[in-house]
Amino acid sequence: MRTDGRQPSELRPVTITTGVNKYAEGSVLIEVGETKVICTASVEERVPPFMKGQGKGWITAEYSMLPRATHSRNQREAARGKLTGRTMEIQRLIGRALRSVVDLQALGERTITLDCDVIQADGGTRTTSITGSFVALCLAVNKLAKTTTFAKYPITDYLASVSVGVIQERALLDLNYDEDSKAKVDMNVVMTGNGKFVEVQGTGEEEPFSRSELNELLELAEGGIGRLIERQREALGEDAGRIGGGA
Amino acid sequence: MRTDGRQPSELRPVTITTGVNKYAEGSVLIEVGETKVICTASVEERVPPFMKGQGKGWITAEYSMLPRATHSRNQREAARGKLTGRTMEIQRLIGRALRSVVDLQALGERTITLDCDVIQADGGTRTTSITGSFVALCLAVNKLAKTTTFAKYPITDYLASVSVGVIQERALLDLNYDEDSKAKVDMNVVMTGNGKFVEVQGTGEEEPFSRSELNELLELAEGGIGRLIERQREALGEDAGRIGGGA
Amino acid sequence: MRTDGRQPSELRPVTITTGVNKYAEGSVLIEVGETKVICTASVEERVPPFMKGQGKGWITAEYSMLPRATHSRNQREAARGKLTGRTMEIQRLIGRALRSVVDLQALGERTITLDCDVIQADGGTRTTSITGSFVALCLAVNKLAKTTTFAKYPITDYLASVSVGVIQERALLDLNYDEDSKAKVDMNVVMTGNGKFVEVQGTGEEEPFSRSELNELLELAEGGIGRLIERQREALGEDAGRIGGGA
Amino acid sequence: MRTDGRQPSELRPVTITTGVNKYAEGSVLIEVGETKVICTASVEERVPPFMKGQGKGWITAEYSMLPRATHSRNQREAARGKLTGRTMEIQRLIGRALRSVVDLQALGERTITLDCDVIQADGGTRTTSITGSFVALCLAVNKLAKTTTFAKYPITDYLASVSVGVIQERALLDLNYDEDSKAKVDMNVVMTGNGKFVEVQGTGEEEPFSRSELNELLELAEGGIGRLIERQREALGEDAGRIGGGA
Amino acid sequence: MRTDGRQPSELRPVTITTGVNKYAEGSVLIEVGETKVICTASVEERVPPFMKGQGKGWITAEYSMLPRATHSRNQREAARGKLTGRTMEIQRLIGRALRSVVDLQALGERTITLDCDVIQADGGTRTTSITGSFVALCLAVNKLAKTTTFAKYPITDYLASVSVGVIQERALLDLNYDEDSKAKVDMNVVMTGNGKFVEVQGTGEEEPFSRSELNELLELAEGGIGRLIERQREALGEDAGRIGGGA
Amino acid sequence: MRTDGRQPSELRPVTITTGVNKYAEGSVLIEVGETKVICTASVEERVPPFMKGQGKGWITAEYSMLPRATHSRNQREAARGKLTGRTMEIQRLIGRALRSVVDLQALGERTITLDCDVIQADGGTRTTSITGSFVALCLAVNKLAKTTTFAKYPITDYLASVSVGVIQERALLDLNYDEDSKAKVDMNVVMTGNGKFVEVQGTGEEEPFSRSELNELLELAEGGIGRLIERQREALGEDAGRIGGGA
């Protein structure tokens, strides 16, 4: 039995509240258990220098934690004067994951920046950021669609993410912080609505893992991601059907 | 008439929600109109090097805005690698203001860090941060008081802050962003519960101001701060009476 | 009695020497007691990016102290790799204050940078920098006026600054370092030649202050600034009358 | 057929030259095709602050590319003043991977730093760095073992790494740069001598991948890693048998 | 007798291997005793901003040591976030020295960057970098000459560098690390093929030196540089005669 | 004839004013023609970490130019966030030069920091800094000597510095800025009172130089340095005889 009474394949309660920011083109507050992340999508009508003149858009992400999002206070990266490796790794992951379901050509020469600010952390902040950012991105694209005619709807599929891990030889879905710190194997999985993998990042620093453990973890993740995508559909409401519609 | 229909001496609606963070010793979400700030107070059982061995505590503050707290997205200071002058000035102000109502001797050799993270900005983020931080600080001290015996209750008085300014020759209380950007004179005032000034920072970059204008602004501020302190008392509930009690 | 024998409302001896730098368009060495600051005004025929194309000029300021300007040696900010919050706050203040008496439209699309380098510090370095910079700025504008036809003389009024404070319940003008470190209330005031306030920055970190104390301090400051402006007039010599003349 | 004539499951030629640095406790030059990395292992008789007093050792890694390791010259990170996200991600990966096969308790309170400097890059620099670092690490431990009595030999198993990817729907082992830039799916795999996974990092930014593709890639990787471990054994010579011996 | 058995005027063994990098326009591995430096020359068809529009080219250099190039490991400058003064001084020296034998007009509007990466250090890394870079530069120019018609061959003379020093009152050529750390006087000399000085940098931090000592050192250097230039000629092979040919 | 009418072997007018800073243990304003540098010597009763426990002292130097010390304004290094290579090179040179005439053992475990701040620059700022710093250093040591008993007077000889150069094939002493920018060969020389060289830094970036040119330059420098040391003696007054006295 898990400390919070969940079954091994059970997600924590998930809430996605849209429109939490009055300025951003898209915004959500996503809560997965006690992990809370504000995701905003900001649209700019220009692309970074390396993308100029290609007629394509760009999706990028930034990630940060409030200093007291965690048990003990962390120093701000702005005060340290540089980003940690962990932050850089996470924001690269979020950006890459979201780009996998965006038709950059269809988006046109504009940049959408996803800001993921962790208000409170209890494990799974990077996966929760991806799941929440996807909704913020859709909201921003839908807002754009009111004033812009896209040749094709630029979001090609749903996308969500969850963590899985092995504790005392049991595979568990959606680890909270306590579980995460005890896990021998830790894996973050990003999948699309049609059940394909976008990112699989498994690490067995404490204890290497076998192919069958890997498979068990991937199955758990698949189930969890399916349920997260249902929550995304609900959050998007009547616009839910546009994703992947391509028109 | 002001764009949002307020009287010149009227505050925007103020809400202070306590306990918004499960880890911090004290936390509030303060909303003043559309300005929203999360303030957390974190207690550490040590003081910075320059305070060591004096038997006294320390209060310090940090301030930041989420990138999309504003109309257009701002670059993160962590990404730029340094704090702006504006941020440094604000966090120095918040720390100094709060220290003025704390008996550092009574607090003992510990540091309380106030983190003010602006979730959404519509003018008055620094004054709102001070007003909210004061409550978070009290909550943290009250929590400490459960496990520590203070010779004296370390918070000596209430403290709140508001902005005032002159637009088209009228003195106005609690400027929102639109008003702030039109004001010829702009002043931030911090006062204690017994009606004394802790900080008066007035600037007439666009147009110098006379002594009588200054007096009119200070009176407006005094009224507004009185009402903000009422909100602080409500938020503190049954502990409201401990402040300044000295025992 | 003050340690240096001054009356409460007495300034320290003030000397303003012009033309101390052979390259700068305007330069002064200002000495207020033992506080010594070199102020240079440098003219560039361009404006910063955010001002481009508006047909207006810009005034900005930088402030620094030599490492041994103080009792014990301070580390250089260049060696630390960043400016302190105090420096940023001071240079923002100087720039803002000077802009309040410059008609940026009349100045035309050029930038004047005021560099205030404190050679020796004995209290009041920021106020002394403002008083000295004003003269350097006038000298630079007068030099410009020899080769440029201004539609209107761009400096609209005199501007000077002084500190005031409360020590042992007495209000004192122009604090030296010893007084400054004992003051319970500390205020910096910037005023124009016509007796209006440009900046009022009072702080009672050690002890909040009442409205009547504030008024007493402002009166002291007003007197001191009047006398500083006389020194500025003397330093400007026959050009003293152009300021505010508007033609 | 691949551009260099290899079979899909064929590694590029691998050479591991030991003792290439006269100062380092362990050193190799590893060449995998045209990718060339110098790996040195440096032993220090202390641990980082967060590990102090636990009686355990630490393994860490740093990674860098010479500016002209690549087709066009890259700016040095030292000149830019900060590490890129890519570099941080890679050096975190190398350190984590190596720690998974070291008994830090057995190592004792010392740090071994693996420096991976890419002299020439043609794809697979991070996996090559891991494979080469493992040998440098063993050499350093073997050198230590001459003067130190370990309760247990601290390296618990072999460890090597390879990349795999999907190009035109074919799974390929050990991508060179040209292949890497065309791959729709890209995966780095780290495995131990006993055939377990330490890291699986697959990304389908261009095109999500299915479970069966994932399995095919993992099988290719498994084969390749087995052959890389043979090369490591050869490089270690008569000491090859100590790894995992535990005594 | 020197510790390695050399005569006072004897160079260490010198090897210059060309073409060690498959991407760089010119590259060498230069070994002088146990000091080993990879020098690459990278050509870019643009010049830095301060050189634009003059119809002239630019030569610049960067220098770095691998962390374990030395007896004990050095922290990477990229990790420290800034270059040391020593590195800056060395790379300024290398660039300046090479420019003295390049006709920048003849080179045309392009930049050649010399990267000197010290793989192993045993004294004389800066002088060895200059000697090796010169060859890499010639190789790059010769490669350019195949696709570009130079009005004049842009390299005007040979250039090499060596260190000399005084140990126990004896002048010695080409100090290794042990000698360098014992030397009272230390001098780096850069000379051209026609026997003129480009740089003479002598320092007697431990003990000032007389004019006659200086002369003795310069004579030793002159002899050593002559022999280094012979090695450069051999490395350049049939292209050796183009240098200084001017056509 | 030189533009300012000097003979080739003539120094510019030299003035050394002592005691220009009320806090520093030693201070001078040195003027060499229009080049003006404030040099302060600050004593601290501790040594840097790498010198601890050796019973020896340390001498170090920092160098900076005010932004408008030059014809056009330079950006502050503090604002850029890092020192230029030129600054680092100069401050390393000043420190090294001064250490050559200090018996660090005799000085005892304390650090003297020489700050050289260029108020106005007209060529020769580094050599002028050395000449002025030497006097500031002596003043600080003399002040120390009043409260400390040195086993031996720690300054072992006089030390001064001058620049020389070749313009239109004529060797010239003490170049001003205009001359410096036209010189084909440029050399900075530091010598002791007994006529020995501490630093010889000659560079012929524009045109290599012969041994006889080198000799001619060194002779000019020798003459100039002799006259600078006379100025130092005058500035030191009755303490002039202590230098090198060793008791």
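Each chain carries a letter (A, B, C, D, E and F) given by its place in the written order, and its residues are counted from 1.
Operating definition for what follows: a residue touches a chain if its C-beta (ideal position, glycine included) is under 8 Å from a C-beta of that chain, and two chains touch if they have at least 3 such contacts.
Only a predicted model underlies this, so the values are computations on that prediction, with no experimental measurement involved.
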Suppose you hop from chain B to any chain it touches, then on again the same way; how many hops at least until you reach chain D? 2
Ordered by label, the neighbours common to chain B and chain E are none
Reference chain E; chain at largest CA-centroid distance: B
Would you identify the chain whose Cα-based centre sits farthest away from the centre of chain F? A
Can you give the rotation angle that fits chain B onto its twin chain F by Cα atoms, in degrees and rounded to the nearest 5? 120
Same or different, please, for the chain D to chain E contact, judged on whether over half of the interface numbers appear on both copies. same
Report the inter-chain centroid distance for chain D and chain F in whole angstrom, where each centroid is the mean of the CA atoms. 51
Chain centres from averaged Cα atoms put chain A and chain F apart, in whole Å, by 60
Residue numbers of chain A (touch at least two other chains): 81-83
Circling from chain A by way of chain D, one passes the chains A, D, E, F, C, B
What residues on chain D touch chain A, complex-wise? 82-86, 88-89, 91-92, 96, 99-100, 157, 187, 191-192, 194-211, 214, 218
Show me the residue ranges of chain B that touch chain A in the complex, using the header's touch definition. 21-24, 27, 34, 38, 40, 42, 44, 62, 64, 66-73, 76-83, 87, 113, 115, 117, 119-120
